[in-house]
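Per-chain residue numbering starts at 1, and chain names A, B, C and D are given in the order in which the chains are listed.
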Amino acid sequence: MIAVLKNGTSDNQIENLSSWLRSQGLDVHISKGSTHTVIGLIGDTTKIDEELLLGLDMIETVKRISEPFKSANRKFHPDDTIINVGNTSVGGKDFALIAGPCSVESEEQVMEIAREVKAAGATMLRGGAFKPRTSPYDFQGLKADGIELLLLAKRETGLPIVTEIMNANHLPLFEDVDVIQVGARNMQNFELLKELGHTNKPILLKRGLANTLKELLMSAEYIMAGGNENVILCERGIRTFETYTRNTLDISAVPMLRELTHLPIVVDPSHATGVAKLVKPMALAAAAAGADGLMIEVHNDPAHALCDGPQSLTPAAFSDVTKAVKRVLAAVEEA
Amino acid sequence: MIAVLKNGTSDNQIENLSSWLRSQGLDVHISKGSTHTVIGLIGDTTKIDEELLLGLDMIETVKRISEPFKSANRKFHPDDTIINVGNTSVGGKDFALIAGPCSVESEEQVMEIAREVKAAGATMLRGGAFKPRTSPYDFQGLKADGIELLLLAKRETGLPIVTEIMNANHLPLFEDVDVIQVGARNMQNFELLKELGHTNKPILLKRGLANTLKELLMSAEYIMAGGNENVILCERGIRTFETYTRNTLDISAVPMLRELTHLPIVVDPSHATGVAKLVKPMALAAAAAGADGLMIEVHNDPAHALCDGPQSLTPAAFSDVTKAVKRVLAAVEEA
Amino acid sequence: MIAVLKNGTSDNQIENLSSWLRSQGLDVHISKGSTHTVIGLIGDTTKIDEELLLGLDMIETVKRISEPFKSANRKFHPDDTIINVGNTSVGGKDFALIAGPCSVESEEQVMEIAREVKAAGATMLRGGAFKPRTSPYDFQGLKADGIELLLLAKRETGLPIVTEIMNANHLPLFEDVDVIQVGARNMQNFELLKELGHTNKPILLKRGLANTLKELLMSAEYIMAGGNENVILCERGIRTFETYTRNTLDISAVPMLRELTHLPIVVDPSHATGVAKLVKPMALAAAAAGADGLMIEVHNDPAHALCDGPQSLTPAAFSDVTKAVKRVLAAVEEA
Amino acid sequence: MIAVLKNGTSDNQIENLSSWLRSQGLDVHISKGSTHTVIGLIGDTTKIDEELLLGLDMIETVKRISEPFKSANRKFHPDDTIINVGNTSVGGKDFALIAGPCSVESEEQVMEIAREVKAAGATMLRGGAFKPRTSPYDFQGLKADGIELLLLAKRETGLPIVTEIMNANHLPLFEDVDVIQVGARNMQNFELLKELGHTNKPILLKRGLANTLKELLMSAEYIMAGGNENVILCERGIRTFETYTRNTLDISAVPMLRELTHLPIVVDPSHATGVAKLVKPMALAAAAAGADGLMIEVHNDPAHALCDGPQSLTPAAFSDVTKAVKRVLAAVEEA
């Protein structure tokens, strides 16, 4: 970390600042130029609050050289993290195919979809029991009953299940859930992240709608700082000015995160685009760019249209996607 | 609400959809054109889930005419809401001046600032006890002790206090807090909003970093739907591509919200700009645009620079702002 | 197009508006509901100015059902457009590989890169002669001399050349250029687009930094409305809040544009990411998502570092990318 | 400017880079730390291309301390620039009130509005003759005839006129125009800016839809570098995710630009908000924040609704705005 001091900062002020920085366990390296003095900080600067430094009158600018995340940082953990989930895993050689309905609606629905996505190659079942909705008047999910239905499907198909948590007080309901999802709107719900850091469950952490990759990694860091290193990152589209798609899927997040972190990265092309026709090409793009898995919405009954989100695929269409994804993965691997 | 059906939708499909919509308590008005059929929905469409309709194969596009928020809507509640807070109020004739430190740090600090901002005209004291920080390694606030210090300052100065909540489980600690703040990162923490809807405390709800005014009002609606109508909206800057300022204060949110809702609107120029020199001009702009109040960071000791955020004013500078704000308010009122 | 009238609009006002709309060659279909009257407009509504309608006091809201672009619209031109460029083509079965240096710097540089990218499979040579730079103090390109050097490389290698125009007055210099590029900052330089519409040159039109796909297609429409239908669309990254990458490459633009338009679509992963390591994964993602081609920056001399943008590949790395792209294209085709 | 070198950069590489930097007229100050070497550059670094430095393999990061703009920089020109326009001026004590129709439509229209806005206190007349429109099918303005009508209004009322240029080839038509406007979409049309730099006309430069203040100042720098220092900056709203307003007026741009530059700053609340009811509160906010002037759309005939943009005021409403603005200016001045 480098801090540039304002012109006119006195030696006394520089000495006071240096003492304080040294007291934080850092080596301080001062270099006086003709117009500016530059202070280099060496050591574990993750503990230094950048805004606090910027708040000092004497400081013109601050520049981090090393990243503020540590547990998630590939520099300190060069090998890819592989997270075991039931009889499957995320990261490394295995490619995760997480599929299922947007919302759990009924036993019949979830059982049928579970069987069909398993047959089509899914490695995990997803389904919303607690649903974060912009409007308090919209359907909020089946809640505890929804989780029960997912567990029923897990018992029958053997597929591990992924479902979203919105409130740490609900954790007892998630005891048999395999992967706990944190939704985009809760990516910076730090209290929830801290609680999840005290569990040992795999956490699928979705990127917030307008959050940077650094912020995503800092949120992963909240979970990891509590002792839970089983974090799966999920790119699910960011808010941009484009209106034909619901959000803009940031595929470049995949190879960029690959550089920055050892954590596995999955991509959700369904929510990101909000358009069923785009799910296949974007799933292929994610696979080509090196994702560790995909999370795809599948519905079972096109006639039962009211439950059919504009971004959902039929099981047959999902099966077609999985086959094409595998061909692309093989083509990339050959390289 | 208007739904445009796709070319080729059968009469049978139209009839099925209409029955379902009527079963939701709506009047359905069908108008067949040469290429498209348009369905007009009349009644309380706040209960209709727009995405669910869009998910239907037969639907080309959906357009809301009335707003999806109800309790917060000025159309159903034309008079301005005035929220009483201790011996003062927000909304209506009174102009709220909420001032205090970013973080509560010590008894000495909070007592001194409280006395000074009161002398300068503040109507409430703000201070952070629970601090949402992007990094788990940054200072997270004095927590319960911080609230105790704020209550001490309240007892001495009589100023009502405003402080942020991050976890509904902490509510017992907020029993004597006058206004509970929901921070930008928790604007769509719907579980927290629901819990606050079951209290009768005034809630200061900050707009999220990349959220629209409609989303802000839908979050207010979550609180109000639970029975707590004491919601104060707070514009605190949105994320844009500009880098000289930390965020971009959306002053137009003030008159726009004034049209849409009866709830009071306060503006936080300190966090929005992140630059102390901009606090005064932006405070004046907010007052000129019709805000019901301001929330301003004030620190007490410029020498004790490490606690001095780049956006904080000294008490003297705050006093200068309050005087100028009052002149501008008088000038606007005369109009 | 549908216009919803405000409550209380008189029959007389409705009749006046309808007459005016009919005089614009449209069929007008009026449907009066209990609270709102809806006017449906049938015919060529591309000529109707949406903002002008919204400006009318009596109008509450306007919703286009059909798109405002016509020549570029796939609905009126279902087959993919294939644009012939020298002995190659863009669109259809051929996959365009456009490669070359960011800026043309010297004869030696451009000749060597041209030979090397041709050997690696490039189908066209790109190179900047006129360079749009944010700062007037930055290098502005070799201009006319740069074009001469590109033409020299074309004569030797047979590769068609692509280079950017910034001023319609420079058109005479572009007589032997095969594809004229319009840069992101000029996407809405309508005067330039109109002039290019009067040529018969293929135009590679880059999406603006914060522009929507609809705006991109409207800019293509400016060129096509002048008679030049040879427009190649180029996705090159949009501005978002992410800072690890220079821009965010919107891969979903590829399949989305495929639905909306018959024009070919190429992707520029070099400028979009600004990071050399991301060029290969993003090139593969673009190919997997169905792009018609790629535009990639290649430099020749890693030792000559000052001319080496952070997003450039060496010829060897480019050759590796082309091979992997072809494998991915084959894998997708098999589907 | 500070450049941080990558760990492992050889002394030889450092020496080569330093020589090159010295050859650009800079003093080079090298400071070797235990992990990183930092190079400080002292002198006129505006000529150093930041991207070019970042492109060097050996460089980890680059940080500008001084701004890349020079002629526009307040540091080198502490006094406010005052630009004389006819018998009035922009900057300094005078407050500019620029009013008129969005588009010039007829002699009757422009003459009547000119008389009425003059009576209401306008100091200049604005009106669009060349209109940049997203669609080639929308009205493109009366062009040369529109300028003639503005000149007629100028002769009768004495008001200086402001109108937009879209093509440097049209400059001869602007000979008697007092202020030439560059629209938001042309803010980075560098060829146009360069040509305007060779005139001596005052240029009103509008901020682009998604451009930063630094980019705005760099565009001003393009004009000033050509010798024309008469640049008026105009904040007119930026693109955000908000949809109730057309754009988001960045009022904080006013005091921020005031710090950065000596050029005068006017605000256009009409285009920014796109909502007539918001024009007055936002005009007052701009005045309170320290703007040097306002640019407001005024139409003359509310019955002639088709020409009445949703953001236009009547002359009477404009008169009310000017009075309120003057009261606010007086209140701020008193401070």
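The criterion applied here is as follows: a residue touches a chain if its C-beta (ideal position, glycine included) is under 8 Å from a C-beta of that chain, and two chains touch if they have at least 3 such contacts.
This is a predicted model, so every value here is computed, not measured.
Between the contact lists of subunit A and subunit D, the overlap consists of B, C.
With respect to subunit C, maximal separation of chain centres occurs for B (centres as means of Cα atoms). We define each chain's centre as the mean of its Cα atoms; on that basis subunit B and subunit C are separated by 40 Å.
With each centre defined as the average position of its C-alpha atoms, the distance from subunit C to subunit D rounds to 27 Å. Measuring from the averaged C-alpha position of subunit A to that of subunit C gives a distance of 31 Å.
In subunit A, 210, 239, 241 are the positions where the chain touches two or more neighbouring chains simultaneously.
Subunit C meets subunit A in the complex at residues 210-214, 238, 240-245, 248-256, 259-260, 272-273, 275, 277-278, 281-282, 284-290, 320, 323-324, 327-328, 330-332, 334-335.
Residue ranges of subunit D in contact with subunit C, taken from their complex: 20, 46-47, 49, 51-52, 54-58, 68-70, 132-139, 166-169, 185-186, 188-191, 194, 209-210, 215, 218, 221-222, 225, 239, 302, 305-310, 312. Interface of subunit C with subunit B (complex): residues 2, 4, 27, 29, 31, 33-36, 38, 40, 42, 60-61, 63, 65, 210, 239, 241.
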